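Per-chain residue numbering starts at 1, and chain names A, B, C and D are given in the order in which the chains are listed.
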Amino acid sequence: MIRFDSDYLEGAHPAILQRLMETNLEQTAGYGADPYCQAAAEKIRAACEAPDAAVHFLVGGTQTNTIVICSLLRPYEGVLCPDSGHINCHEVNAIESTGHKVLAVPARHGKIRAEDIARAVLAWQNDAAWEHIVKPGMVYISQPTETGSIYTKAELTAIRKVCSQYGLPLFIDGARLAAALAAPGNDLSLPELAKLCDIFYIGGTKSGALFGEAVVIPNPGLIDGFRSIQKQRGGLLAKGRLLGLQFDTLFTDRLYFRLGEHAVKLAMELKEGFLKKGYPFWHDSPTNQQFPILTAEQAARLRRDFSFEDFGSARQGRRIARFCTSWAATEEQVRCLLEKI
Amino acid sequence: MIRFDSDYLEGAHPAILQRLMETNLEQTAGYGADPYCQAAAEKIRAACEAPDAAVHFLVGGTQTNTIVICSLLRPYEGVLCPDSGHINCHEVNAIESTGHKVLAVPARHGKIRAEDIARAVLAWQNDAAWEHIVKPGMVYISQPTETGSIYTKAELTAIRKVCSQYGLPLFIDGARLAAALAAPGNDLSLPELAKLCDIFYIGGTKSGALFGEAVVIPNPGLIDGFRSIQKQRGGLLAKGRLLGLQFDTLFTDRLYFRLGEHAVKLAMELKEGFLKKGYPFWHDSPTNQQFPILTAEQAARLRRDFSFEDFGSARQGRRIARFCTSWAATEEQVRCLLEKI
Amino acid sequence: MIRFDSDYLEGAHPAILQRLMETNLEQTAGYGADPYCQAAAEKIRAACEAPDAAVHFLVGGTQTNTIVICSLLRPYEGVLCPDSGHINCHEVNAIESTGHKVLAVPARHGKIRAEDIARAVLAWQNDAAWEHIVKPGMVYISQPTETGSIYTKAELTAIRKVCSQYGLPLFIDGARLAAALAAPGNDLSLPELAKLCDIFYIGGTKSGALFGEAVVIPNPGLIDGFRSIQKQRGGLLAKGRLLGLQFDTLFTDRLYFRLGEHAVKLAMELKEGFLKKGYPFWHDSPTNQQFPILTAEQAARLRRDFSFEDFGSARQGRRIARFCTSWAATEEQVRCLLEKI
Amino acid sequence: MIRFDSDYLEGAHPAILQRLMETNLEQTAGYGADPYCQAAAEKIRAACEAPDAAVHFLVGGTQTNTIVICSLLRPYEGVLCPDSGHINCHEVNAIESTGHKVLAVPARHGKIRAEDIARAVLAWQNDAAWEHIVKPGMVYISQPTETGSIYTKAELTAIRKVCSQYGLPLFIDGARLAAALAAPGNDLSLPELAKLCDIFYIGGTKSGALFGEAVVIPNPGLIDGFRSIQKQRGGLLAKGRLLGLQFDTLFTDRLYFRLGEHAVKLAMELKEGFLKKGYPFWHDSPTNQQFPILTAEQAARLRRDFSFEDFGSARQGRRIARFCTSWAATEEQVRCLLEKI
């Protein structure tokens, strides 16, 4: 059985485990006040060309999204978000548990447009009963999106502009950022992305780490009390150096980027293989999630040897399948799959 | 520089790292639905003699306390807690962020008594304005306490009785449970503890794991929706098997117990050494935290070679110091310290 | 200028003011522990044929919805609600501020159907990632709806059935309940409504009271600690008798019903008048809110003498207008309006 | 039976009911956008000599405290408060339900001192683990306090100074402000009080209104989105003019002040009477709450004809009693009481 269900099926890149072994008996201060976190933050600042950025290390994505969003909103504000956004669909009521409404905006393959944001803000501003309506207080998007698509530089620049116009902080969920950076057609470098948003995170869990997400705040004055809120929300790891060590390793010799490139390269081979055999696709994803459309019979046959996600119904009784590649996937695994389709 | 500031200064017991290495490239399902979590839960059930218990794995203590407490309380209830309790002192407003009040009860060296609980409940019941006052809805204690003391079987049995009488679930924070189980004078076995409370957790972070706390609910019907609340609160680790692997290792060949015994043995040597030299102690802790009282001059001298926590002022201008031993501390380190005092 | 913007433009029915005057200097206990609240509750129980019901008096609708909903849900549950529901649209993030998600279901003229509820529950139950998704935990509907329509006995019975099947408490917002009870075509009596839901409220603010909503819980064991939650959420009025006096008056000699009948009678005259002149309507509302469609020119002309709400755009550049009648509206006011259209 | 249990036993001053009658059938806009609220705000600004102040009208005290406090704090901050403060003792977990901790400071007869505040802030600032501890984010005090005492100008000026020094907004709960302003020995005028704090409220419920509290924010830019938070928390009354009318009446011809003077005058007579008969007092309250100490026998005898609150135990088995006078109490009632003691 070869699994393509997700990109968090394995442990960590061997270089990370190696570092954990080497440093295991060192004694360091807790909660991120250690030299590894410091070194990792420095490397991330350099990679982002954001020399003043605050960098915080957290354990997982839901935790990160919750802490960032509740740190940025006033009590009566909500967060604009694609209706397919992770915070709207797959994090239970994490955001609502902090008192805020997720303001879902209809998305197309995971993406919203600058004009969608403007429309939502104007609808609130122009409503006579605006005091009775949640105010859009910030914008959450994902790069790549939950369905593998990516924002172009032009699209993100337009979103940035409308956010600035209406005073909305822009937050980018980068759980799979490595895949976006490696995507064919991507025209957004990490420094450019850092310049176009107010806060984002670099996902480790889905890109070679055991766990861990690195929040980057280019303007470090954006949020007051981030670490206390991190602690309050259970997101301040006691042995914080585990996060520092992992990100320090990932940002040494471009490992983070190389792992993304590996995953995307295999995803492209997988896509090519399906396309060659004539399979239709739900949409043309340039990242490590691929969505071929299968008949019930095709899906059942493949499930004998492979696992993958069912992503909903398509036309004529078919189903959308999701195949994920990752830093740990191998050419061999993809070849096996393509042989069976 | 040898550090005695805390028991989470190092990585993990080598056996744990070894397991992580061996299993690194295995593909398993996420969020704890893997064979390692299953095996670990089974071993914990056996060790607790609680065959029906639900066992959940979380990353850290604040997270665990928050999730357990908000899962158990009605909206108008609060949690009775020693005033020195971790949730009252060192977790920011984690509990309050879920809407509940921490009802601090004056403690003696970290412990409260059954009669304190009864008094608090009766004060609420007998107040004419009871509907305007937070209802005590559960009890939180720690074993060992934040200052190293332990509850005896008689004390815990009395607390259990009063909790049952007033319908209060009893939750035990076992962040350092291994140390309590190994303490000279301890008369509470793990199965006994499991029988006397409604829910508790077995701390991994401070006892040989990289991170991780195992919540045990002997009566699995106690809480509805625990895993969803875990997800909501950012406490459901994507690569959940990392937790399963660690606890599976800790509960193989009594490793968890042996690590506690090691830490406590060194703590007792440390205590003996200080006592022999005539140092007074804040109180007589039987676990891995020791609190000798130092003059300013003594403290300053020791700080040249050792780090330890300042725990507040004592009489005659002296200070209470906290020295922690752990699974990773060595005879050599303790000897070095004792030579210098 | 005659106002038809809403049904809370005036003070209270004169009989209510009269009672306030007569009892003004009486001394009574606070927070609803007075004979007037007791008497009002008794009369409401009788009117609902719900002899065991718990009856609680609150000040306003948002407060009431918030307290009821947060009292009924577990931390990971949300409330199913028509997308046009008041809690989703016009109460800011009141529900979310208690930690819960409003699960908006597409509605038709304010109504949802039993099958919509079943579909939402099954979608949650059948999702492999259900632990990552908010669980539908209860159902909120309004009678009449925010746009004036009413549920029939058959429709409400079907909703009741599906709620029972899936264990969802059913809550009916009766802010304008008097109007529904008086609507032509209504086949749901107050006792029938009380039998078909788990909890509802009888709106006073929009039906002759200065303010006030009476929550009715036919099975009084449904909610534990309601009054404490009421206090916590700022909804326990110090001089609670003001609420008791008002509802006691409204439920004497059918006053509450008669006020609803009056408002609806005038609304029907208003509708007839518009229809006779050939105005199209947004939809056929049988209650005190009427939605004729006006050209810009027609609207502008009417606004010289009357105020009414703009309710959004209709076809061909026209606008939906909302005219509300109330217990205080007069035949004369309606005649004036109809003369000008 | 004559009641001295509280100052909210009766309805409203007749002048208020008269205004409600006179204006009953006027049609006004809802939610406070009416001429009466405007007029009342103007009169309050004048009385406070705070020409730029924002003035908001709310229904009750718990609601007001909750909305003000959650509007002012960052997520990780708490509110410093006398341990006897209303928000700490008699509002269930209203503040905690918004996510914030009430940081109780030991008080003497309801009052805290500037140095108590400084000490709490410095303790937080100087703690090595400050990120794990709730930050004092604002100060809440009551004038008069819950036990009737008042702050002097010197005391409040010192508190103001320390609040400014540490950047803490100062909020004064004025539920019984009329009594403080009328107290013998009071040296704080309303304009002085308005200058010394950042936000306060003028209590109506306990001083002649049916209900209602007027929040005054001398610097109107202090809080962003107050009205939306008011709506969210169920504190925006639909028929807002009821609040405007009441405060407009109270601030016409000094009625608010005169009602306070009346209540305090009777309280002083009551105190004199008890003192003459040799009764000891819990403490020397200059406002409308008086706390004589009674033997069980004395209390039982008085309870045949009068109601009053039991306020806890005193020495030698005696009890502290609380007698409240109000705008509605009469010379006759006090005389009756004094005859029986």
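Simple rule for what comes next: a residue touches a chain if its C-beta (ideal position, glycine included) is under 8 Å from a C-beta of that chain, and two chains touch if they have at least 3 such contacts.
Remember, it's a predicted structure, so these values are computed and weren't measured experimentally.
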Number of steps on the shortest touching-chain route linking subunit B and subunit D: 1
Label of the chain whose CA centroid is most distant from the centroid of subunit C: B
Higher-contact pair (C-beta pairs counted), B-C versus C-D: C-D
Between subunit C and subunit B, distance of the C-alpha-averaged centres to the nearest whole Å: 49
Rounded Å distance, subunit C centre to subunit D centre (Cα mean): 34
Two or more partner chains touched - positions in subunit D: 75-76, 91-93, 97-99, 131-132, 228-229, 231-232, 236
Contact graph of the chains (line, ring, star, complete, other): complete
Residues of subunit A touching subunit D in the complex: 31, 70-71, 74-77, 98-99, 131-132, 135, 224-225, 227-229, 231-232, 236
Residue ranges of subunit C touching subunit A (in the complex, touch as defined): 75-76, 78, 89-93, 96-102, 128-129, 131-134, 309-310
Parts of subunit C lying in touch with subunit D, wherever the complex brings them together: 2-3, 5-6, 8-12, 14, 17, 20-21, 23-30, 59-64, 66-67, 91-94, 97-98, 205-206, 210-211, 228-229, 231-239, 242, 328
